[in-house]
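Below you'll find the structure I mean.
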Amino acid sequence: MRAYLLFAGKRFLQLLAVIFCGISATFLVTHLSPIDPVEQVLGRLSARSNLSPDAIAATRAALTELYGTNQPILQQYFNFWARLLRGDLGPSLLAFPTPSMDLVARALPWTLGLLATSTLFTFIVGNLMGALAGYRPDNPFFRAFGLLSIAIQPIPYYVVAFILLIIFGYYLPILPTNGGFGMDVRPGWTPQFIVSLLQHAILPAASLVLVGFGGWFLGMRALVSNIINDDYVTYAELAGVDRRTVVGSYVIRNAMLPQLTALAMTLGGVFSGTIITEEVFNYPGMGSLLIDAVNYGDYSLVLAVATVSITAVAGAIFIVDLLYPLLDPRIRAE
Amino acid sequence: MTRDILKVDGLKAYYQMNYFGVNREVRAVDDITMTVRRGEVYGIAGESSSGKTSFIKVLAAAVRPPLRVVDGSVRFGFSTGPIDVVRASPRELEAIRWMSLSYVMQGSMSVLNPVRRIGKTFRDFAQRPLGLSGRAFEERVVEHLARLKLPADVLRAYPHELSGGMRQRVTIGLATVCHPEFIIADEPTTALDVVVQKEVLSLIREIQREMDSSVVFVTHDMSVHANIADRVGIIYAGRLVEEGPTRQMFFAPKHPYTAHLVASLPRIGDTTQRPALDGRPPNLADPPRGCRFHPRCPLAIDKCREQSPPLETVAADHRTACWRWREVTPLVGAISPVGVPA
Amino acid sequence: MHRRSFLLAGTAAGVLTLAAKGLAFAQEAEGSAPDLAEFPRKETLIIHNPEGVIRNPGWFNNWVVGAGNALSNGLHQLTTDTFWLIDPDAGLEGASENAIYNSLADGLWEYNEDFTEMTVKLKPGIYWSDGVEFTADDVVFTVEKHKATPGLSQNGAYNAQVETVEAVDPYTVHFTLKGPNSRFHTLFSVRWTGAWIMPKHVFENVEDILSFPNDPPVSLGPYTLHSYDPNGTWYIWQRRDDWERTALGMIGEPKPRFIIYRNNISPDNRLIEMRNGNLDMVHDLSPEATFSIIQQDPQIQGWFPGFPYAHPDPTLVMAIFNLQKPLFEDKRVRWALALMLDARAMSMASYRGAATLSAISVPPTGTHPRDFHGPLQDFLINYELDTGSRTIKPYDPDVGLQIAEMVRGQFPDAPTDETAVRNAFGYGWWKQDLQAAEELLTSAGFSKQGNQWMMPDGQPFRFSVMVPTDGVVNRLGAIIAQTWAQNGIGAQVEAASDTWDRQRVGNYDVNISWAVETWGGHPDLSFFLDSYHSEYIKPLGESQPDRNWMRWEDPRLDELIEKIRASDFNDPVGIEYGHEFVKLHLEEMPNIPIMAYNVFSVQSNRYWTGWPNIDRPYANPVTNWSNGRYIFTQITPVEGA
Amino acid sequence: MISVFRDLIRYNIEFTIGLVLVGLVVAFAALSFISPVDPSLIYLAVPDQPPSAQHWFGTNSRGQDLFWQLSAAFRNSLIFGLTVAVLSRIISITVGLAAGYLGGWVDRVLMFINDIFVSVPIFPILVLFYFVLRSDLDTFTLALIMACLGWPFDARLIRSVARGLKHREFTRHAVFAGMSTRKVLLEEHLPYVMPIVFATFMNNMLWSMALEVTLAVLGFTNLNHPTMGTVLYWSNQHSAIVVGVWWWVVIPVVLIVITFLGLFLLAMSMNEYIDPRSRLRRMGV
């Protein structure tokens, strides 16, 4: 147990380091940006009415004061941390004066929902099927499946999503390709809403699953096809140990370990994939939020999205890391 | 009920592989016939990749592709009834596994599930055959472990927490906890230091006596055979080349290969240089015609190159497959090289 | 095994509860979303709003600068109002004069003789949607609140221009200005966001206006908020029962009982949705998309009955030279670059031929052809240019006709009648005259080495052509740069996503954009011209106020601007000044005017009909910035639809 | 390494298929060097022509011949992928070998940094760079940035191998023979990690090219530089699918899939080769 706590402590420090470095870097990068939010807002304002030049000048003065963009960068950096610890990242500029964090908070659940459900699904089902495929190498169904996932797995997230969009958005318009739920349902735990919610989640989730699935499937299949030749498996089979126990507690249980590490290592990538997919399907998550923020030059929002993404991913990895020793007694012992 | 518990008859087991047109057939076990008696320890010796492991895989009904039994039978006469493991259905096999037929696998390090506590492993292996539940089972196991000089708390341990010797004893414990009639032990002592080796051997002996079960004991190490086996069979290139009571095998081998194996044993006070056996065991994908040993055999004659010798009985219980078995003499203590063709 | 699945289940549960929380959040965001059954199609108008996802959908306080991106979700068209609206097209017969509508105002502005005071009479009988009457007090409150609150949209404007404002009586407002300003009223004349009037009785009780969402908004227009998407992709507005008590209602009955604004629809989806009858007005499509949908669905119409379909906006797309860079200081060079261009190629590349060309610095849209392009045609035909070795007449009055011929193969419905062609394809443009261009460059001291032009200082003549990352302007820039490059100019096209910021601070060489925007329906050019005055010019790196992006400085220009300032908005002399400006511009060529920013906004006659078009140009059909509100009084449901 | 390839081609159908696919794409991309048209020019051909004898892949709405356009695009994308791969290989091999061989605090520090990189979501970071650099984010800069983000996984992998090698006989000999660490790493260990380097090389190309496609389609790269991504970007801009210019989307997508599939097969079969057990299973014995 002490060993475990030690391990957890080390990991936690790492987590903090990741978050700190990540966020600081993000802050620096965004503030090196030549983009001046005041000019952004002014641009949008003057482009859409006929303000006289002196009117524009006066407005600029007022806004610079209001946004506090005239402070030295170090000052801004400290303020930033101070505010961040209070969970406040300043007002978004594309939705002034709504706090950036509100926007993120509104988008995050969509992303997490999509990410978590698709990842868990791909991870569990992919590994289970992979295990069976590795255990029954000659089963034609699994063979076909293997080929299929080999064919799909390498295609970039975007392209897969794009293909789905074209097929179901245009040639075979049976599924919604846009938004989080239909405009004819009211949010809430009503059946219509949940149905609509699921319908709209199908394509984004599908694209993630299609891409993510293969990795787990193939990886697990390879692992298992090796592990079933391991002595302890052969031995257990010789001893006539019950099939389910062999597959479960001997084969999968051991193959799970590298897969779990893999999960931790790929989470970042999966997250990226999710926000890409969201962009394709106009899913109201972090992805489209980030893209908007970039296009509007809204750096407090960009910062908020990046901060939350980094923290969320690092946190998820942390959790997975913590699970690992629970599954592998050997680590625990160290 | 006969005195033989195992009758192996004309057993042929080949590795058959087909990889993108590349067809290869490795005759790991090529026409072996032998028997094992009740209550005896039958030692099987042979160099690595001589096919001995494949042979016992068949005995243990552990045949897995690409290894296939192409011919012959392996009949056990268990108290529960006779069974030919080559033809038996999985269900029938289930029925005899561990209860009647158990197996100590090579490499104690790797036969235990690294992420499973010993106790659970015992439950996985033995609960079904023993048909005991919770408490009773627990006691049975603990008591059996005690016999193996293992404390009860190994049950709560993970394999990596045990020493090599303990682990080996655990595996033997696993194989014997159900008091099977027939135990197959594959190199159970290799990779153990000599002291532990002794322990383990006597342990196996003990248990075998107590339970009056039969043991097939495989190792390339002749000295181990000397210590434990009642009879020894020598496998070379997938064939049983000689078989006989241990003493005779050691002091009056009737096959040049055996002679060499025996000779290669170190003896106290013996300093004579022994001619090492040159050449390597034949590639089983295409074994030499005639006697498979002839390329390496000091006694080889044309006949050996043409026809493969049958196993003929040369003394009580003693069979060998050599055209020139009469010329074979123990190399031990020999001064001048013998068997130079006249 | 079971332990693992338990753990996974655990995480799953955690995440899902998180998601649930988020949905709860969305729920709290007051989403009484519509059941479409409530909205019979013949009472409901569905409009495409070109914005992306609206990130703070619950924000209806559009007096705060940069408040959200809900800029054309119906709020300003349906619930806000101000004194006048100047239509970018001809405006409604009877309801408007010179395209000027009196909206809240009962008549035109009244200035004193030196333009230091302005009096406005308000229409009586106009009521806010909560039953409170609209009076001069609301106006006074609005102006004073703005002056006092930095961060409100007109804070700068009022502080810079308004000394005092008082309510003479409930229906009369009197402004005293800080200086003479004959165009002060334009602040209250809507383009997109105008100086909307605040409901005093609501805002006077608000502690901090900058953080007041104003949800639901009290409406001064004929519609009120029905419901909106908490995820910011649609808004539904419902007609007030007392719609007659609004300025728009007094002009005519808005026919739709419900108006739905839908945003965040990808270009492809717009086409699909319109074809499926889920959109009545689409703000814009790509040229290709327009051609294909008009082919597929006869009920769908554009501005022109046939090719080129698109509506010419009162913005003039041009190649803007950065005049503060020595590269372009010589007007002969600027002219040479202009004469190298091929109008046909530009039209085809950018709009597949559907461009409305203009050689002069006034967009060929709205009533401008009547006031400028028509009258100036002869001047242009006879316009002479000294290339240094000879004088030429660079203008080609028939290029429009030629383009019409070119496209007729693919689009038989392209017009044939000459005036129709001129209105659709433009009155003419410069002949591509490479020889004249060479002569001009040579006379400017440039020399040609191989196929590369060298500047007088011996350096190769190289520069980048900045274009946005998409749309027709991008295509136009690409072909322009290409044409120059093919003629020995080291022009490199550069697609940038931040063109707007960069043109503001002058961080470009040549910029394909527009420095000209006009009322469209009214000949007054002050809309853009006033900002051309040299007093506003900033050095490179500093932010130049709209719209003199080329930083063109010329005493003659200042003189002209001052004359315009001194004359009344509706004084016919304005047109003459306009002509003067055009001629001055031609002489200097500070930027190369090319074509109107044509927008492919299309409408469907499936459920509603009576849309504006070239034959009945009473309004601009684009759905975001134009005065589209008048369209709602003109359309009628299609029988049996 | 050569013998490795021979074995793979002999015993591993996936590898062979992968080789063929990648070969096809490379050949196609190579054609761009003899291209008769400058891919950056527009409206040189009649727009929107379906595939024909004259234009094998048809023409797009920008009046470009898609065959040559795509050929150039794929060349650029492959070059991009290679650049990133090479650069990031340099980092990952250095880090991996150093960490694995030197061990101790060097290892700990390097792996700590490594873990930081592993757990940073890369796409938002890239978008961030675009947000700051905008038009200055040219292809090479992007490649550089991605190289700096794309090494940690492989470094870890190489490290684990190097660790194994460290305790091998020949390493000790080399060390006793007084070889410098650098020499040991380069001359003794590198050959052993070569297959892994190859596999990770392919994976890295997959990764970077996929991200390039994504960024480009979102308009976050140099759009005048034809690549897999920008081709799709322009086809979206011209709503190619809905207006029926399907070849402008379908052909690139198919080619992209071929490319990625090929690279993936190479990487996968090489990985299998690296794992001796699965190799043996294939080759028998």
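Observations
In this document, chain identifiers A, B, C and D correspond to the written order of the chains, with residue numbering beginning at 1 in each.
Basically, a residue touches a chain if its C-beta (ideal position, glycine included) is under 8 Å from a C-beta of that chain, and two chains touch if they have at least 3 such contacts.
Because the structure is a prediction, the values reported are computed rather than measured.
Top contact pair of chains, counted by C-beta pairs, is A-C.
Farthest chain from chain D (centres taken as the mean of C-alpha atoms): B. Look at where the CA atoms of chain B average out and do the same for chain C: the two points lie 92 Å apart. Per-chain CA centroids place chain B at a distance of 52 Å from chain D. Rounded to a whole number, the gap between the C-alpha centres of chain A and chain D is 23 angstrom. Between the Cα centres of chain A and chain B there is a gap of 56 Å. Within chain A, contacts with two or more other chains are made by residues 34-35, 170, 249, 253, 297, 327. Residue numbers of chain B whose C-beta contacts span two or more other chains: none are found. Touching of two or more other chains is recorded for residues 134, 220, 241-242 of chain D. Across the complex, chain D is touched by residues 267-268, 271-272, 285-286, 288-289, 291-292, 345, 348-349, 352, 469-471, 474-475, 478-479, 482, 493-498 of chain C. Per the touch definition, chain A reaches chain B in the complex via residues 230-232, 234-242, 245, 249-250, 253-254, 257, 327-330, 333. Against chain A, the residues of chain D that register as touching in their complex are 14, 112, 115-116, 118-125, 127-132, 134, 153, 206, 209-211, 213-214, 217-218, 220, 232, 241-242, 249, 253, 256-257, 260-261, 263-265, 268, 272, 275, 277-278, 281. Residues of chain B touching chain A in their complex: 60-62, 64, 93-94, 97-98, 102-103, 105-107, 110-116, 120, 124-125, 128-129, 158, 160-161, 174. The touching residues of chain D, when paired with chain C in their complex, are 41-43, 47-48, 61-63, 134-135, 219-220, 222-224, 236-245.
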